[in-house]
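Before anything else, here's the structure in question.
Labels run A, B, C and D following the written order; every chain starts at residue 1.
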């Protein structure tokens, strides 16, 4: 296995605001380029885009160490990139190319890069929660002061794993930060029809601090998650945050979106774009420079990914057991 | 199966939809719950129009809670409904196994004979391009559970008739719909109440030389293989068990006693799959008739990759089936 | 199947206080007699006694209609008797006799008497919760104004099914009353080690009313459950109650109970006995009369149960399918 | 298996306990989580003394949350531990199937080769007198899952040696302990590091006429049956697969090629059980050697009743095995 260093150039920008903006920009453009690839028929498997939700991932991951762990879900490109995944290898994965992280066999929902502290996207809604608790337990036993951050959707909050994880993490004071990304829909169903009450309020019954945060404000997310991470590192136990955001794209690329009015989408896009908000504090020239850098990085990444051979039949049988 | 009745050409999902409509019309106790089954009409259209037709009380979208979803089936059946529970992908039954296996399948035993008419509908197989956590064919697990009936239709006519029978059964049924077949077309008898009995296998093609048992979408491939083999002078009998638990062993054994040769084909990985039970039962009960080693054709013991093309490459082709049949007559 | 009418004579007592006392007395003595049977080696399978917890079952079930449904768990004799089960057939079941509700094949953890609205004890911790939601859904679809009452232990609150059930019941406003019987232990582990926060407080995050109640005070339980049942019947949706009580006996009959000090048990037995508390408002003569009646009823019941043949091999294969 | 090394007589649970102690001594990454495993030392004593010896950080009582418990195993193994997860009864794995099947078994595939060393220990079978929801033998399910190793020892020596090997394996293992065997005694080699390799069957008794494959506690019954049959002049070879996935087919086939006859005995119900796979594989790969129908001996397709006596009546006896063997040589 090739050893891996964070391969987003944007991760190296020193200024906090600029770096976070750059990461948001990177994710936004990554997803847009992927959507183009999808429209062109080049994407293998389903595609859950995170357009509009970039600030949650960036705000949450920006302050993490490489040795901190992130557990993602079925909509996880933004989490991967925010934790330092290489856009080229991620493109390759999703496009079914040999240079992809799992050689293109796993695709968008099954990317894991343990050497980057990225324990994996996941096709099973809610399944990441106990895995994150397990990872936090593992770090604690090893007396590492690293933490685990777990993303899940508001739809996933209906899975039994949320309660089990909150209870266990609270009892054991695990170094765990749970970030519910409330993008207002689970597949084709609005949150009002599948979430009773509020997700963040479920923390209290387990003696866990819970808090709501504006998921489209990268600085707000960074500060809320930062406080939770600091508490977790200090042995203060878990936190549940609910980042309110909005899914700009359909549930999957190609979704006809009959279940919501176009005006609702438009309002979020026009009035609450996390990219626009992250750009505001920057001067236009340096923001433009970032945009150009991002564009170049992604162009190279996509070209590299597409230059790789499609995943072949021969790769299917690999990696089922240690001996294979 | 030939019939003189008129037929209509329907897609698999349409046939299922008709079965649901007819049974919900017939019996007000029939209700349907699942993720995106109501407003959206199902990810693949199977439940389209039901919410409008039968109202919100009887057709409900649920939160993403597979265990509770299955429990809804158990509890509501226990008080007199005939619920149909849709668990979107077969793989997601891993979250509902307690309710299906420990609760539903044992209810009659624990109540000394009370019915529990619940149908768990789910979708199996590669072909939706969803990868290793959304593509499995786990039917063998459920066939190992006393108290469950397991059904896997191979085409629209059987799909409709078997689903209607499943809804009317007084015991829990796992009804498996194959993703790759949902848009396939087939003739469906144009009769008032098209029922296909549970527990009865169907000889899809009579033949003399080799018995080829095929499951789900492998029935079509088996028929294609049989056609190819007929050209070489090999007469293949294609048998579709349709119900996997209870297996119609009588029909399977009758066929093997005639042909002396057995090949089983399915999409699930070979080891510990349904093919194992069929081969074992034949080697136990029709050994003297067997003139060649039994053969199993199925996926290798690996996970399902994400792309549709790769997933297709992983599972056996018509050529693989032809080769297996030929191996038995060499 | 023999048709079944509530067969506790005590159920027919008109006066509320006297009837509730009589039911508590019936359960207390039932469990004590069973314990004797167990000590004599006559009980087949494990035995989870509800000694000390009688008031929870009686307070909760006393106001229910026969057509209301009760979902019980692995420690459920008190629930069964409180909902009207026949002590004789229950004895027979637990003693492995043919007259038992499942012919003695299910035993203590697998008794169901649907004709009494008793959907079953259950060997799987937490499994009753979604079944209860399902039953409540079933009643609602049939437009019955019956309700479902589900008992579960504080240990069961750690299973994912609690959150899933609260969410669903709240969204659908199901006629469901969840009664957590917090007897302070799950098997050999004290609640402090397996329950974070408080069970009743988990309701709020799902927009469900939650409340704590003294589980050893039958009148307090009756009034809290009564209010919840009334709300559920009226379409007001679910309630979560936590009835605080104490398990007098070991987890199972025969448990050496190394995990708790004898003084702790003694304190609950001597100072907070629900039977003593329920007896207080009655005059001694009528209470004594009740005691005698109960004794006679149980004597007959046990004799009848023991007169039946032990469950035989031939019964094993029955009732797996409708056709059997 | 004969050995010249000194032996000590241990109960099954003591052998398991020793394996746990030795591996936890050997490697600080080994941890143990489960319900009542720490303070109480396990419901059946298997984990006795571990919490005191290795401390609370490494031996932990968990809440009653089987899904999270399995997730603890997956997540902690992913960051470098070698967790052992105790799921009290086999039946309770129905609550943890997603984590075991969809997460643990696929981790290496999704990470292009990263290890996930987690052992799920669980207890199977009738004999604890617990009834239909606490007595199942569900091994066949897990044998159908690529990525899992499934182990089922039949006595203390194998139990110890296999558990130690399982803990050292870099992939997920389901380790099945038979309730009815936990207090059974057996000789365990008195050596420093008693390891039994995974994936290697053991010929418990060599013989010539019939191959009798037995699982878990059926190994003892198979040996008793063999002894009885020896009196009638029938020489039985008793083979214990020990590891059920991957099956040591080479050893099984070698035996059947020698004897020409196969009987498989286990406690799980016959249909779709492990016996099906073994019979099918033999009918496929050693057909020419078979001189009689294969035979399966197992429980009927019914639930497990609560009483120990009844549960025992339900499962096959030594006489049933003898009869099955005799049927193959008639």
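The criterion applied here is as follows: a contact is a pair of C-beta atoms (placed from the backbone, for glycine too) under 8 Å apart; a residue touches a chain by one contact, two chains touch by 3 or more.
Treat the numbers as computed from the prediction; the structure is a model and nothing was measured.
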item: Chain pair with more C-beta contacts, A-B versus A-D; value: A-D
item: Longest centre-to-centre distance from chain A, chain (CA-based); value: C
item: Centroid distance [mean C-alpha coordinates] between chain D and chain B, Å; value: 31
item: Intercentroid distance (Cα basis), chain C paired with chain A, Å; value: 46
item: Chain A-chain D separation of Cα centroids, rounded to whole Å; value: 40
item: Centroid spacing, where centroids are CA-atom means, of chain A and chain B in whole angstrom; value: 37
item: Per-residue multi-chain contacts in chain C, two or more chains; value: 105-106, 110, 122-124, 158-161, 164, 167-168, 171, 193-195, 320
item: Overlap residues in chain B, where contacts from two or more other chains coincide; value: 62-63, 65, 67-68, 91, 95, 98, 102, 106, 109-110, 132-133, 146-147, 301-303
item: Residue ranges of chain B in contact with chain C within the complex; value: 31, 33, 57-58, 60, 62-63, 65, 67-81, 83, 98-99, 102-103, 106-115, 146-147, 149, 169-171
item: Residues of chain D that touch chain B when the two form their complex; value: 67, 91, 93-95, 97-98, 101-102, 106, 109-110, 132-133, 138, 140-141, 143-144, 146-147, 245, 247, 268-269, 271-285, 287-288, 290, 292-296, 301-303
item: Chain C - residues contacting chain A, complex; value: 157-164, 166-168, 170-171, 193-199, 201-208
item: Partner chain A, residues of chain B touching it in the complex; value: 35-36, 39-40, 43, 61-68, 91-92, 95, 128-134, 300-303, 305-310, 313-314
item: Interfacial residue positions of chain A with respect to chain B in the complex; value: 44-46, 96, 104-110, 122-126, 155-156, 158-160, 186-189, 193-195, 258-259, 311, 313, 315-317, 320
